Amino acid sequence: MKNIGKMGIHYLQRLNAANVPKDLIEKGQNRVIEASLTLIRERAKLKGELLRALGGVVASSSLLGVPLGHNSSFLQGPAFAPPRIREAIWCGSTNSTTEEGEDLKDPRVLTDVGDVPVQELRDCGVDDDRLMSIISESVKLVMEEEPLRPLVLGGDHSISFPVVRAVSEKLGGPVDILHLDAHPDIYHEFEGNKYSHASSFARIMEGGYARRLLQKLGEGVKGVYISVDLDCLDPAFAPGVSHIEPGGLSFRDVLNILHNLKGDVVAADVVEFNPQRDTVDGMTAMVAAKLVRELTAKISK
Amino acid sequence: MKNIGKMGIHYLQRLNAANVPKDLIEKGQNRVIEASLTLIRERAKLKGELLRALGGVVASSSLLGVPLGHNSSFLQGPAFAPPRIREAIWCGSTNSTTEEGEDLKDPRVLTDVGDVPVQELRDCGVDDDRLMSIISESVKLVMEEEPLRPLVLGGDHSISFPVVRAVSEKLGGPVDILHLDAHPDIYHEFEGNKYSHASSFARIMEGGYARRLLQKLGEGVKGVYISVDLDCLDPAFAPGVSHIEPGGLSFRDVLNILHNLKGDVVAADVVEFNPQRDTVDGMTAMVAAKLVRELTAKISK
Amino acid sequence: MKNIGKMGIHYLQRLNAANVPKDLIEKGQNRVIEASLTLIRERAKLKGELLRALGGVVASSSLLGVPLGHNSSFLQGPAFAPPRIREAIWCGSTNSTTEEGEDLKDPRVLTDVGDVPVQELRDCGVDDDRLMSIISESVKLVMEEEPLRPLVLGGDHSISFPVVRAVSEKLGGPVDILHLDAHPDIYHEFEGNKYSHASSFARIMEGGYARRLLQKLGEGVKGVYISVDLDCLDPAFAPGVSHIEPGGLSFRDVLNILHNLKGDVVAADVVEFNPQRDTVDGMTAMVAAKLVRELTAKISK
Amino acid sequence: MKNIGKMGIHYLQRLNAANVPKDLIEKGQNRVIEASLTLIRERAKLKGELLRALGGVVASSSLLGVPLGHNSSFLQGPAFAPPRIREAIWCGSTNSTTEEGEDLKDPRVLTDVGDVPVQELRDCGVDDDRLMSIISESVKLVMEEEPLRPLVLGGDHSISFPVVRAVSEKLGGPVDILHLDAHPDIYHEFEGNKYSHASSFARIMEGGYARRLLQKLGEGVKGVYISVDLDCLDPAFAPGVSHIEPGGLSFRDVLNILHNLKGDVVAADVVEFNPQRDTVDGMTAMVAAKLVRELTAKISK
Amino acid sequence: MKNIGKMGIHYLQRLNAANVPKDLIEKGQNRVIEASLTLIRERAKLKGELLRALGGVVASSSLLGVPLGHNSSFLQGPAFAPPRIREAIWCGSTNSTTEEGEDLKDPRVLTDVGDVPVQELRDCGVDDDRLMSIISESVKLVMEEEPLRPLVLGGDHSISFPVVRAVSEKLGGPVDILHLDAHPDIYHEFEGNKYSHASSFARIMEGGYARRLLQKLGEGVKGVYISVDLDCLDPAFAPGVSHIEPGGLSFRDVLNILHNLKGDVVAADVVEFNPQRDTVDGMTAMVAAKLVRELTAKISK
Amino acid sequence: MKNIGKMGIHYLQRLNAANVPKDLIEKGQNRVIEASLTLIRERAKLKGELLRALGGVVASSSLLGVPLGHNSSFLQGPAFAPPRIREAIWCGSTNSTTEEGEDLKDPRVLTDVGDVPVQELRDCGVDDDRLMSIISESVKLVMEEEPLRPLVLGGDHSISFPVVRAVSEKLGGPVDILHLDAHPDIYHEFEGNKYSHASSFARIMEGGYARRLLQKLGEGVKGVYISVDLDCLDPAFAPGVSHIEPGGLSFRDVLNILHNLKGDVVAADVVEFNPQRDTVDGMTAMVAAKLVRELTAKISK
């Protein structure tokens, strides 16, 4: 998708060079952004109304895809992840219940508000700063609709920053973060890009959006945000990631960490799944889907 | 994506059973549909405004993705096709000029208005009849913005019906069709589904939207619609399709047909690319991308 | 193979509709069934005679393939497993001795009586109830020939029921079962099919063929039947299964369970290997072959 | 499967060394051979009876699998071909009618008598000369049952010799052969093996079983046997063969040869498909299946 | 290999920065270059001596690998090509005779002088200009030893320039070139690199090393150099290339061009094979190997 | 590469038969061997001179590739390993620092002296005994240049014998060995070949080159040689090996063993990586590269 992003910029440069009025471009971009947010708002609203009509739900996971790959330093594949993960969740070659028995087919347990149209926005020349704001805004639109809580499907790890920022601002204070990752992602910047996937947590801490970074399981926490970078798993368990680092966790290790975690999980993300490096029959997609199932079990009640 | 569609229906049945007011659901759906069309309208409008500001363009190809796989009788993969084809168009491992030298990086030659959000609409319980109308409506929104002409990325072959209907209604009369396909797709219905991918051309002829079906290259035609089902190629050239039929055309055969075609090409589609059956390095995606390049050369001027 | 099974049924319906005498069909089927069992009887008899002539063998593993995939709720691949496992046992890219040193090339350690011709029987219109009886009968034909003990290669997990039934009836009482599986397989029925792969152990317990179900390693047992569903392994170790469930056992975990097991192992099965989902170079086939090696080490003496 | 064959020989040597009476072994082998032929006879008889009861059929293709790979000079994969081809015939991702419209689902057009149990016979120590006789005998058992005509699924090309011999002996005179192959296969012997896949046609001519070898399409012939070695196709169309020879025919070339062939086709074979070298999604299996469809169209009437 | 090349440059910059005497570096590089050429000279000399001792050979193909990928504008894979092509020539899954019957196992037909150690030279900081000279020098060392004629295995297309230059200088005049390629490769420079794979033929013409560029088969020529870029083939026949261009030649088309070519072929190259994009079982390697066989048939006599 | 080795021998037999003077051949071979060793000497010398000029380095890892696969009892792939491992070290999809922070891009930490030209020597008819001596000699040439220490990239496990012999002879006494392997490799000979990959450690102990074989981690050792056969890892972590043995170590187990090891590591090897059995995106290459990184961290100081 990188090249599509580049195309957008190239396109605008060309228009500028041809003396197309800057004003005309900006107005059009604003209308496209507004329409994009309206679509997410309406989907979240519909899901919220229905859950409230059903009643008896305190918190309910709601999938929000953020197919953003253009900030990644290597392969662009994470932009293709959200539809693949959804496919694996519902594919029928595995059951749809969590290890503790909740059924994901129950709309009170899991709903979906679709994807932020990242690619289309980039193609219209929307720059990185605004894109980050649109992602934050989208997360807030989901949280607006009680009892929905965002379960975000990346995208690369750079998305964790705008998502955590939105969650923190909406809740009115910092959250605790359980961060599972082979890399700390706290470079101040990476190859000159302050929003790169390797700098996401530097931005989060800088903004005061999180109280502390848990990179190993600590004592009981509350108001927790869970961020799972699939490269925390050994590539034997999750080959479909951009940055392979042998020597990682087993999948059962990750499940044990999640099952032992205490506290009120307010939102979560699953990032850095790269379908272009997955096995032919999609083993990593299945791993991501099972993570979504178990994260849903932590969030929904 | 089939199961996601099924999920939407299951979801509504559950809501009906729980006595959620039908009215509430319908209003929410209508708002989501309205927001979806607004987003396409705004993107088309921005692209149209800019092209008109640049000036000197008579007709310009504009990509519109229709990731619809749920009507296919076999594998669901065509729903994943549009992002893969875009990736292949801009991937850099092939050049971006047509065989006659137009450069696709020139926005006067090719622009993109994004995808109809098929999956999200289905997930909100929107049924097949409305989905077909939304697709037609989206095509008309593109044609509204002179000099844009739709170059539609499927999806399975069932999308040709709503696309041709829209083109015909917008132009105020039937079009000629160049139809390249291993199968005639003129079953009256297929397994009880009148919108199935095997019935698309039955619907088109029934509605009077096309003057005649060209399944072999005829004499000069005008006001032509080109529909390319990738399974017209021998699987040696395009393995990534759902219904493999050995003994088909070579890629050069197809290019020769296109290069020899006379007449004003008003719109086109490329359908039935199934990324889930493609080779590991995406040979069929490259073939689809080159078809888009050469169709662009036929349309844009 | 599902479609071949369906073909058999379709075929008979057509013959019935054409007024082919029912009697004629039944007599032909009976002759085919009789010939199938005769072939297994003669192979077992030859192997038994030779082992008795060699002398000094108390118990000897004998492979019996049951390529049954048509009861599986998802992919049909397990029907292709037995020849692939045999290939991996003898392929030469691994040694043919067990971890404790027995050599599988010694006919006193391992022989083979071939496959139940499941596909051919289905193609002649033989129904599920009779097929289950034929499988049980085949297992008994192997046990008839002292010192042979059946080591059954599935097929999907539905075969465990007729195999355990035969072993239990032949021994005159229930057996203990070590059951390694990611799923309990004790649904009363699954999608209306009482012989489905998800109901096998419900049928076994119902019939009194087993004393208790060991799903974790217990204290010393005797008269043990070992049933290994390959999906008990994490997909990192055995990707070639139909129902992927991340978070499973490591291969070394399974070997430890087997090595620590006490008691007289009277028969065993290895089920749910699906070659159609294996890696290109057959890693899961190698895993299944090593399981056969280590099960042989438990049985033969 | 080579190693399984070797295992059988090794096994007998060991038994001889242990002074197991030779007589005991031979009697057991004879009973296994007899039971193997009985099973084929009964299946052919059932299919023949039913076709005759249905009436109105002059000639009907009947599949007979000969999974023989042990004579091949390179990879052993052709032994796995027959079940893969059957799977591809009925898999549903292609239609089941021939290019001229016969429906393979009609039992008057195509039936199946199963496989010669090659692997099991080898495992009992049956040697090559007897195996060749058993294959010939099996073909005759099919021809015994009017109106069945054998459509043999190899296996490597060495099987053409015993099949043509049987057809010729049964018809009482030589047949004409349409032989499509990248190699002439007329070495007197290959690496000391007179039944090798490279010598099959030397044996056929030597025995007077065929009148002439057509390696290019000649004038009208009658009583034709068609032998298709998949390596006659360019590897772009059929990569799944043991001996790749770039520069071969296109699939359409082969179909044209078949469609233009005149004369009464009495039997046919499709050989040298090697599933272990096929693409991940089985393109060569699809090609073999379509060849079976079109050969059926030539034979059945 | 690109990064290894970059490593070499980075390494030298670091040494310069550390005030390591420039002189010390240059002397070491010169000794490494000298040793590299000595190794090629000695191998060519040994092969030449032996051929002359055997006698009766007028011209004999001698393989020279040039694993140069660092000038390619996209994937670096061609640097891995020479060992893969050799493997495919001798792998045993195809025969080793040409279509006209010469046996490549005869040392009078084909010998091998090994590879120019491109990677090691780059790692010592040798720059592009010198590398091009070393390649030319290596080709001349082969031609020094009558009756050896160079059959060069690339590498990307940039190697054709130093090879043709050497052949021309050694023969004392320009050669005719049969150039099979999907792209003309006559950019004056590509992304600022005058030795890029897209500029090779610009350099050749500029230097007067060739009389004319045959991009289609012309009338009889003599003193011919044949340069085959594998991307002249449709990707269906040769998927393992860096720059896929659907719509190319079939493999039989290329063989026909070669078989029809008249004139004395003095040298040849096969370039742009990229093993990293080949199919799992190496179809393009087989195609490259057969091209080497048929080019050998044109050269050796 | 096996067949290339065979070609060399076949070639010499043919020359002998043709009465080419034996003397001529031997002199030529000697010149080729001398040139091969000169090339390694000059590369090592250059790297040593530069490191000494930089100063402050006590010990520095230097890669030496030994692409020897012809002694392997099964697949020949390890001969292709060294370039793939180098590619993975520098590929950019992982960082180039060790787990403890050393940067491999620093020439004081890691340099490269290239490959022993095994294939070219075999092609000139050099036999196994001399090849083993050339490998030993090459290792000594590296050790000659203080502070370089050899980090050898196999090749199959047979290379450990000549490497350890050289290290021991150069240091003037036996070394301790940490040997990580799924198999003990101490057969006296394997299929008649005393240098086979299964006999390497028998030869080492026989020659007195090592004090003891550590196959489990012992107490603190010094003067340690580390030999890592990739098949010590479970195939889930390293599928790209010739001899798959399920039930092995996890990658983290191996890292823990290395991190806990005390003593002065004087040299190391990484063997039995077989790229022909690796996953499509090279997971085992990444594992081998990370092993090189961590071994570098043990050696360099």
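Think of it as A, B, C, D, E and F in the order they're written, each chain with its own count starting at 1.
To be clear about the criterion, a contact is a pair of C-beta atoms (placed from the backbone, for glycine too) under 8 Å apart; a residue touches a chain by one contact, two chains touch by 3 or more.
Keep in mind that this is a model prediction, so the values were computed, not measured.
In summary, the chains found to touch both chain A and chain D are B, C. At the interface between chain C and chain F, under half of the residue numbers involved are used by both copies, so each side presents largely different positions. One simple way to say how far apart two chains are is to compare their mean CA positions; for chain A and chain B this gives 29 Å. We define each chain's centre as the mean of its Cα atoms; on that basis chain A and chain F are separated by 44 Å. Contact of a single residue of chain C with at least two other chains is seen at positions 92, 234, 236, 250, 279-280. Chain pairs that touch one another are A-B, A-C, A-F, B-D, B-E, C-D, C-F, D-E, E-F.
Touching chain B in their complex are the following residues of chain E: 74-75, 183, 234-236, 239, 242-248, 250, 277, 279-280. Interface of chain A with chain C (complex): residues 92-95, 99, 234, 236-237, 250-252, 255, 279-281, 283, 286-287, 290. On the side of chain C, the complex with chain D involves touching residues 1, 3-4, 6-7, 10-11, 14-15, 18, 20-21, 24-25, 28-29, 31-32, 34-36, 38-39, 41-43, 45-46, 49-50, 53-54, 76, 79-80, 83-84, 86-87, 90-92, 105-107, 112, 114-115, 117, 119-120, 123-124, 280.
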